[in-house]
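The next block holds one structure in the form of structure tokens; read it before the comments.
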Amino acid sequence: MLGGGQMSEVVMQISNVSKVFPSREKKEGFTAVNSISIDLIKGEVLGVVGESGSGKSTLARCAFGITAPTSGSITILGQDLAGKSRRSTRELRSNLGFVFQDPAGSINPRMNVRNAIAEPLLLAGQSVQEIDKRVAFLMDRVGLATSQLNRKSHELSGGQCQRVAIARALATNPQIVLLDEPTSSLDLSVQAQILNLLEELRRDFNLTYFLISHNLDVVSHLSDRVAVMRDGVFVETGITTKVINDPQHPFTRELIRAYSGVHKSDGVLPAGFHLDDWQDGPLNRWAFQNIDSFLPVARIEASQSPIDLPVSIDPAIDTLEIEASGNTYTLPELVNDLDTDAIVVVRKGVVVYEKYFNSMVPESLHLLQSVSKSILGALFAIMADRGVIDINKKISHYLPELLGSAYTDATIAQALDMSVAVNFSEDYLDPESEMTRLDRAAGWRSNSTGRDLGLRSFLKTLTASGEHGKAYQYCSANTDVLAWLISDVTGMSYQDLLTRELWQPMGAGSDASVILDSQGLSVGNGGISCTARDLALFGQLILGEGRAQGRQIIPVQWIRETFAGASPDVISADYLQALHPGGSYKNQWWITASQSQEIFGVGIYGQYVWVDPTSQTVIAKFSSLPVPVDPVHSRKHMALFRAICGVTISK
Amino acid sequence: MKILWNRLSSALLVLFAASFVTFTLARVIPSDPSLAYIGPKATAADAAQLRITLGLDQPIPVQYIKYLGETLHGNWGYSLSTKQPVLQEIIDRLPATLELVFFAMSFALICGVAMGVYAAKYRGRIQDSIIRILAIAGVSMPAFWLGLLLQMLFAGRLTWFPATGQFDIDLKYDNPITKITGFPIFDSIVTGNFAATVNGLHHMVLPALTLSAYSFGLISRMARANLLEVMSQDYIKVARAYGLSERIVFFKLALRNALPPIVTITGLSTAYLITGTFFVEQVYNWPGIGSFAVNSLISIDYPAIMGITLLAAIGYLVINFIVDLIHAKLDPRVWMR
Amino acid sequence: MSFLFKDKLTGTATVMMLIFIVAAIFGPWISPNAKEGAGATNVDNSYIGPGWQHLLGTDELGRDLLSRIIYGARPALLIALAVVGFAAIIGTLLGLIAGYAGGWIDNLIMRVSELFLSFPPLLLSLVAVTFLGPGLINALIALIISWWPWYARLIRVEASIIKSKPYVEISAAMGVPDRIIILRHILRNVTTPLIVQIAADLGTVILAAGSLAFIGLGAQPPSADWGLMVAQGRNLIFDQWWISTFSGLAIFLAVLSFNIIGDALRDHFDPRIARQ
Amino acid sequence: MSTVLKLTDLEVDFQINGTVVNSPLRGMNLEIKAGKTLGIVGETGCGKTLTATAIMGLLPSSAVQRGRIEFADRGEITSKEMAEIRGSQITMIFQNPASAFNPIFTVGEQLKMVAQRRNIARNQIDALLVSRLASVGLKESKRVLDSYPHQLSGGMLQRCMIAMALISTPKLLIADEPTTALDATIGDQVLTLMSTLQKREGFAMLFISHDVSAVAKVADAIAVVYAGRIVESGPTDQVMNWPQHPYTRGLLGAIPSADKARGTLVAIPGNVPSLLTSVVGCAFAERCSLRSDKCSQEPPIVQINSQSVACWEVGK
């Protein structure tokens, strides 16, 4: 064992061995083994573990003189193999034994067991009697009956073939044995027999093993020392128990995790992640920024010539003191209190405040939740203006699939203004509410109900609850219907439409993404993720009456209509009036009807785009609040935004 | 593109070497070509004089370079038996042979693939056995003998088809074919010479059938074997597991996968047709390269033999080249390398 | 050997092949008229149709056709064996060297054999026999010239596959000399594909030799050679149809039975294809 | 919870000219609940893959099948009915992704063929495929769809295969050694992906593998198969931690690891039986250390803890 320290005798010395194969693609060739050095100590088992293409077999073949290395040297028992003829090294080679992976291929199919084992003895010039004696001894040691002496490889099982191979490897009493994937093609129960046999023989004959395997279990079981190989180099070498229990290299850790019987999430998903919980805190801190790790998304592409807003940070903003919900906060305190992930303030076209939290960076995408609806509103303005759709037509006119559902008689405009009368409970916490069903249909929650497979099939099941256009009723499904409708009418995917009509024209700096349901339909009600900067840019576009980069992108008329709010004839909702007296919902935007005439888009868990025409300010804010909706959070946000805009006014 | 260039350059090399081999064969081997030229009664002096005239006294490499230069300039020498320029003879006779090969190949390909597919579909049943016997018979059949048999039966006994020739003899008086491309049947169609077309096709049936037997056997066997090979692949199992209909699995997937090797064997069997024409044209007195070749061989007409050999090697190269192109087109793994 | 009788077709072919072999060996003793079979003419009896007297009729020189055909079996089988045998020996030798040695030797041998293969099949033989002069022996040499490259290529591929088998690599790593590796491991394992190829080629060679004889470049009169006999009967095909028909039938049946047996042999040794 | 698949006494024989030459399945009984995973573990030739092939109705013509297959709310289904739901309600992923895709068609063409078969409107297919590829973690869907199989890695192809299996939102996904041909780390990623997808889509899964630890990672319940019959089944934790059948114990004891002293692996003597021989009584008896005279008779199924064990000797 290794414990012997100074007693240890090096039987094989591999120094700076490299092997380069000629390659079609690369002129300099493909480097399978890249300058590896390691010593093999008498009596030890050195295990090399690696995946396919790691170069482990090539290393073994170089070490045992099967192929010549491109550079470096190999010393076996003090002698160098390189450059010597096969004949002159025969004696040295008799100290080496070989066991390969393919049991059947290891034995010449034309030779019987006796002759296969006898081959190395014949080479050593032994007499027939000596050979027969030795073969009988070996057969016994590897657990083969003498009755099998005359069998050929196809008459033996894989395990028996491997026993013959081991017997041949031991024929000349070698010191070092190469085991190249010795059990990889064997069944588990046979593998155990062979592994036990190998250990027994090692002990009895004081053998040194050079073990190569992709199987970490096998290597860690049999080896004293282990080397983890990847892309031609050892990424980690050490005493087996140490490497297994305290791996240093990330690849070793990955390998160990793959072989551990317990199922752990694969590093992309955080501990405790479950599809039914990701929207709630604290998981949402990670999830909102990493939607694409667990849900299918499609790309909304950035502009080729992005607008880079000028930056001039206003230090005054951080010194604000804000009164909210009976407390007084400094602005950083309030921002922190509201679980902010990112906040960007643009005043008169200049970025005056920009902060990121929770490991967000300016390039990070964050889920917009229902702020996505406001983006859809803008897209519909563009499409209606171009005559692609008529918003006063019935939805079923464009989507006959929805005939019979709540959307049979509702118009596009009514859906945009959330005045469709539909049996829909927007209760985020009730597992049987339509909202929860919608989440399941969109793939946002696990679904083992067998129903609501995809948005389309869910939307068809919604029923009308009365006359449309009479009363405001917030219903996320409306927006999903609209996203479906517009991509069906145009024959383009929703993400491509957004790329072409909005994201690129407005000069977005980064790609955004939109979540897809299992059928590939974009989740319009809340599936967009983008950077805080790009959301602010979108707000800026609204503020600038739809113009960007010298082009009118969103029709002015529509923006003015939106600012004007919904018709007073439409019955409003108590919670809306409580928060925004006189406020309303129009074109997928919220209208505050306050003195400053702000409009905004809002998503659950604290996502906002805030547009204040009075102070010419746009605020984009991402958060990961612990609960979807809470009036206290809402009031604090209003206070925060108005305070920021107020600074502007005071200046 | 690089593959294409590699193929082309190696083809040129092969051609160069092939011409050298034929040349060497013609020169090194004992029978002195000059004897054939002047006949057995000539004196030794006559022969020596002729050897100088023909340049046969010079060293072989010199002769070869000279020959190569001449060949490249289109001077393929004069046929010893017809005393005509070899290249002219070849150009005159090539269309007849190519038409024969075209019809034989078309027949072999269509029937071969159809039969192969049919046999694969009914594997192990009586249909399969019958097609198997037909195919083995096809590759075991001496073309010259099959030609004679068909002549005896369909021309001699049944008189359904003419026994020999490309057209009836009177045709050139009654309905002469206007020469456009030199391909008689093609020209007759283009010029609307209906009578000649019918007559030509009528003469075509027996020789084409005879010539196609071998290729038919090869192609049908290969088509069957490959279809079955493909049908046992994992991806076919997957297609079935995903509920694709048997019709789509068999005709859209399997047949498409089996095509590349069928193309290869078609190319190879076209090569067999090249030498096949020698015997078939001989039997049917077909005025093509094949009968010219046999006559040249018998009379040791070495300029003609060398010309024909060179032409055959070129033809073989062209076929292989086309096969490679189609192959690459059919199998993305080839052209993406 | 039971695979030679695995189905009716193969069984029939085996029986047929045995008949040809018997005819080739015992021809002089079993033919109805041994003298005529050997070439003696009997002009009075020329052009007698098939009947009880002469089962297959007589030829233009009055020789009993059946006897002639029985006598023709020997040269047909001999040339097949000789051509395939020599081609296999030359090809195996070169193929083994190329496959095991690799490198420039491999390149040289393979380029040369590719050169021979760049002619359409049989063409090289035709040209060679023309310049060598007609005759059975020359035809044999000519056929060997165009046949050996196929074997070289086959054996080379097989050898290079076997060369990378673990048992060969282990032997080499143990220090076993190349010579012994080639003999002990490689040669012994190429025998199967070699036998399959030989069996498949025997028929084809009979066909090729017949073709040479038919255009007068093979065996010369008065030898009893099937291809030659078809040629001799060619102009009589409409009247004395039996001469060409039966001589050709002999070629056809011989080739057919060899091909069927070749298939059976291949199926037997290569079960992957047989399953289909 | 509803049952998605139930096999009762499923047997398969192979016949040549009317005589049975091989009986690789000798009475499989199993049940898979909606949204759950059943793992089948066993060594070469125990009948794992054949079970999947039989369920899919893809046995070769030389096979004779007996027993009941019940599927979801349809009850017992015939092979004809299976042909209807095959590829839509039941889908399958295979061991070797490199050979499971047709080499001469692009991945996109092959996925489209499957989607078209599912009667999905032509204009929705592209979006569907993009979504499906995105959901299996392939973001560059365009590049993937336009690729030929040989241009993609094994891991990517297996993801494509999973995407293909989910096109029709199946009720049951059969995974036949889905990670065997992949490197361990890649295989582990695929396993994670399958669990995540299962949570989201709610399909039930029949997970077949020779790799006990892979099965333990994903399966809710495990069935250990030996010689064409289940010898032990039960919840994963139970079977992994308290194996009852001597074969299960042997199998788990045979897994090498750093914790086990060298040379002390449980080595079941002998070899996995070939099924050419007909089995009387317990097929494991000849390799079993608990063997008794009774073992020459068919063992009863006994309940121990929450496991069902087919053995005479345990639980006595």
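In order of appearance the chains are A, B, C and D, and numbering begins at 1 in each one.
Keep in mind that, in the parts below, a residue touches a chain if its C-beta (ideal position, glycine included) is under 8 Å from a C-beta of that chain, and two chains touch if they have at least 3 such contacts.
This structure is a prediction, so every number in the text was calculated from the model and none was measured.
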| message | Per the definition at the top, count C-beta pairs in contact and tell me whether A-C or B-C has more. | response | B-C
| message | Mean of the CA atoms for each chain, then the mean for all of them together: which chain is nearest? | response | D
| message | So, comparing C-alpha centroids, which chain is the farthest one from subunit C? | response | A
| Separation of mean Cα positions, subunit C and subunit A [Å, integer] | 64
| message | Roughly how far is subunit B from subunit C, centre to centre by C-alpha average, rounded to an integer in Å? | response | 23
| task | Determine the centre-to-centre distance between subunit C and subunit D, using the mean Cα coordinates as centres, and give it in whole Å. | result | 53
| Between subunit A and subunit B, what is the separation of their C-alpha centroids in Å? | 59
| message | Once you draw an edge for every pair of touching chains, what topology comes out, line, ring, star, complete or other? | response | ring
| Which of the chains touch, listed as pairs? | A-C, A-D, B-C, B-D
| request: Using the touch definition up top, name the residues of subunit B that touch subunit D in the complex. | output: 233-235, 237-244, 248, 253, 256-257, 330-333, 336
| Can you list the residues on subunit A that touch subunit D in the complex? | 51-52, 157, 159, 187-193, 195-196, 199-200, 203, 214-218, 220-222, 240-241, 244, 251, 254-255, 257-263, 265-266, 268-269, 274-275, 292, 294-299, 443, 445-450, 453-454, 487-488, 491, 493, 516-521
| note | subunit B partner, complex, touching residues on subunit C are 9, 114-116, 118-124, 126-128, 130-133, 203, 207, 210-211, 214-217, 227, 230-231, 234, 237-238, 241, 244-245, 247-249, 251-252, 255-256, 259-260, 263, 273, 275-276
| query | Mind pulling up the subunit D residues that touch subunit A in the complex? | reply | 34-35, 43-44, 120, 123-124, 126-135, 139, 166, 169, 171, 183-189, 191-192, 195-196, 199-202, 210, 212-213, 216-218, 240, 250-251, 253-258, 260, 262-269, 271-272
| Mind pulling up the subunit D residues that touch subunit B in the complex? | 56, 58, 83-84, 86-88, 91-92, 94, 96, 99-105, 113-114, 117, 148, 150-151, 164
